[in-house]
Amino acid sequence: MSALLDVRAVTMKFGGLRAVDGVNFSLQAEELVGLIGPNGAGKTTLFNLVTGVYALTEGDILFDQVSIRAHSASQIVARGIARTFQNIRLFPSLSVLDNVRTAMIAHSEQSLGTTLRRGARFHALEESIESRALDLLKLFDLDTRSDDMATSLSYGDQRRLEIVRALATRPRLLLLDEPAAGMNAREKSDLMQLILFVRKEFRLAILIVEHDMRVVMGICDRICVLDYGRKIAEGSPASVRSNPQVIAAYLGSDDA
Amino acid sequence: MKNHRAHLLLLAGLVGSLILGWMAPELDPYATNILVMIGINIILAVSLNLVNGHTGQFSLGHAGFMAVGAYASSLLTLAFAPSVQQSPALQNLLFLGALLGGGVVAGIFGFLVGIPSLRLRGDYLAILTLGFGEIIRVVIQNTNALGGARGLAGIPPYTTLFWTFGLAAITVYTIICVIESTFGRGFLAVRDDEIAAEASGIPTTKYKVTAFTIGAFFAGIAGCLYAHFICFISPEGFTFLKSVDVVVMVILGGMGSTIGAVAAAIVLTLLNEMLRDFEQYRMIIFSLLLITLMIARPQGLFGKLGRKKAKRAIP
Amino acid sequence: MDWANLTQQLVNGLSLGSIYALIALGYTMVYGVLRFINFAHGEVFMVGAFVGLFTHRWLKPLLAGLPDIVSACLVLMAAMVVCGLLGIAIEAIAYKPLRNRSRLTVLITAIGVSLLLCYTGQLFFGSAPRGFPDLIPNATHHLPGGATFTSEQFLVLVVTILLLLALRTIVLRTRMGLAMRALSNNPTAAALMGVNTNTILSFTFGLGSALAGAAGVFFAMLYQAIDPFMGILPGVKAFVAAVLGGIGSIPGAAIGGLIIGLIETFVVGYSNTIGIPSGYRDAVAFVILIVILLFRPSGLLGKSEKEKV
């Protein structure tokens, strides 16, 4: 079975620094893969490359066997890759519902024309968008807050809203950037359940960058480890956990 | 009922302007002057608000688009005015054509300016749009066919209260329709966080260019109304200072609030009139107002800073 | 090849370029430490010209016996000091309260300050241009080949070079300069290292404004007429110069100023040959701006800043 996401020898250079250095990596449909590594290893940069925020220097990225290296970020979303951010990036001036609605623009058939004419078609489209958005929010227990400003939600709820927004784009691959950051133990447990639920319910492949090992080891099918921009290990949680190179990367080796 | 609220509002606006137009001969010409200027400024402010307020692109070149609309439409009417002298119906038709022509040409310029704007943020975009506005002005100044520095005179006086407020109503309707929809949330998303907007599938490029184009289109219409009201236009009337005038209206009203833009347009036009006797102090008061506004209440009259509950969209 | 004309254009272009360079330095220094375009900077330049005018009028009778160069230097210093203080005052009153607000808010405030200065000037001095005298006897000198330059042009060039060297010394060899560079590189770290942000910002504004004041006197001296709105166009053009050179880069601003001054002069000087009417001189800077922003927004000597996601 060919890979859903195929990262081929991708390198990203910032001036002289190789933030991502010749990384080869692939993801199958509905796989849950963890991406770990010390700070500065290039994990978020890799995310940014896959989602089109940065342009890669060398290599190629294929999604569904189609190259997306030259695509704009919104084109990549249209292909089926969605993401959340390390620092929550909700739209502060919009309500909870509107934050989700924005993610549905690309898939809606609303255009400038229908908006201006305000005919029956416009209203029908609006209603279906709104009900879809509310359904999504309901799955995450956020539908009661749909009219509240997104920023009035608690931190944990905001993180979940960001995930809802990403899901509204109908992705086949979801990238989660440190979703457990700032959460306490109980919240992290809930998050783990949530991620597994999302994978099953929406039949998604998920790639997650995380520092919390319990979360990563607990839910991932496979783990990929980066250090200084290079992939140093890949495999099941158990094998990665006992890999000496990985341990050295995190804790330092005896020679250091 | 829900389906037609927006249509009803537009209808109300148009009927209102019909009434105004019908009352026109009874009105004092001074009052008519002010009303027309209010209408034109409403169109300018509401259209700039789409770009600056709703989409967060700081444009300082609105006067340039106004100039394009003014000159394009005037060339059309000056060319055809003699042939329609006898028939008021044909005159109105010509004016309609000139309005659309002016608007479309201005819209094209808006599109052209929008494209390079894509990569720029904040201050840089402001300067670039200022630059475009100035280039347009300098080109007009150096083109004899457009009257050059002497200006273009003898423009037929086609602007009436009906046209002015009718178009103002259409402008407000258009902008509100565009924004208060799922499609319109995209503009606000681009303003709030471009990267997150792209990550949500919103083609930010298209949105920014669309905002510029629509904004410029209506600025062109305002320019046409202005030209056929004063009946004389020159590059002097479309400087960077004119752009600043409109920007102040948008800011005073509250960036991103259409009602605010309308209110501010009215307030500032009236303020301008009241201070006409104190011409010397007018701009000083204006600039002090601007500075105080920014320090004390940057969100303007109707701006949104930290609201707890969101408004539901107008159906 | 008309060497005389070419040299003449070069001479004129260098004078104009020096003036743009001095103004551009103020923009670039403020942008370097605050990431903000000081829209009111062009008006400081205008104030410098007016201060120069009135200082000269006031001083002339007092210094009757001394060589003109003395009064010229005093006029220059007066303009620089007053403008420096004005810059510091503007920062303290209008920009400091907005330190934590969005960049757009500050930009709009700067526009407000700019308008305030222009129109207050108009209130006091009227909008009609006033004559500005020669500060030194303006003899014409001949270059081999037929071009000429005046004593005042020479003075402008020399003093500009001196000011640039002085600035370089301050920035590279004093503690204030070091603090400025630290602040423009990383404000948080600089503050944590004990740099007094307020003082350095005031200093930066003061320095940039003093240079603009000097530019104002030079411009007035060379073009012999001043009015309250004289700062708008040179201000924007100098900003373009700063962007061309790489905003935030001091050598860049100087180079950018010279380039813009030269190109503008050449476009006018050769307008018949290249077919661009000289009325387009003001559009030159804007066209350059569009070209830079489209193809190399970081300018000649600048570095591009990627937004961290």
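Letters are used for the chains, namely A, B and C, taken in the order the chains are written, and counting of residues starts over at 1 for each.
Keep this in mind: a residue touches a chain if its C-beta (ideal position, glycine included) is under 8 Å from a C-beta of that chain, and two chains touch if they have at least 3 such contacts.
Treat the numbers as computed from the prediction; the structure is a model and nothing was measured.
Let me check something: if the centre of a chain is the mean of its CA atoms, which chain is farthest from subunit A?
Using the mean of the C-alpha atoms as each chain's centre, the farthest one from subunit A is C.
Of all the chains, which has the CA centre nearest the overall CA centre?
Closest chain centre to the overall C-alpha centroid: B.
If you average the Cα atoms of subunit B and of subunit C to get two centres, how far apart are those centres in Å?
So the centroids are 34 Å from each other.
Using Cα averages as centroids, what's the distance between subunit A and subunit B in whole Å?
About 41 Å, centre to centre.
Rounded to a whole Å, what is the gap between the Cα centroids of subunit A and subunit C?
The answer is 48 Å.
So which bits of subunit B are touching at least two other chains?
195
Return the residues of subunit A touching two or more other chains; collapse runs of consecutive numbers into ranges.
53, 85
Would you give the residues of subunit C that are in contact with at least 2 other chains, written as numbers and ranges?
Touching at least two other chains: 309.
Which bits of subunit A are touching subunit B when the two form their complex?
Per the stated touch rule, the residues are 51-53, 72-75, 77-78, 82-83, 85, 89-95, 97-98, 101-108, 110-112, 114-116, 118, 120, 122-123, 125-126, 129, 147-149, 152, 165-166, 168-169.
Could you list, by residue number, the parts of subunit B that touch subunit A in their complex?
Counting only subunit B, the residues touching subunit A are 2-3, 6-7, 174, 177-178, 181-186, 188-189, 191-193, 195-205, 210, 256, 304, 307-310, 312-313, 315.
Please name which positions on subunit C make contact with subunit B in the complex.
Contact set of subunit C toward subunit B: 36-37, 94, 97-98, 101-109, 111-116, 118-120, 122-123, 232, 236, 239-240, 243, 277, 279-280, 282-283, 285-287, 289-290, 293-294, 297, 307, 309.
Write out the stretch or stretches of subunit B touching subunit C in their complex.
So the residues of subunit B in touch with subunit C come to 58, 116, 119-120, 122-124, 126-128, 130-132, 134-135, 138-139, 141-142, 195, 240-241, 244, 247, 251, 280-281, 283-284, 286-288, 290-291, 294-295, 298.
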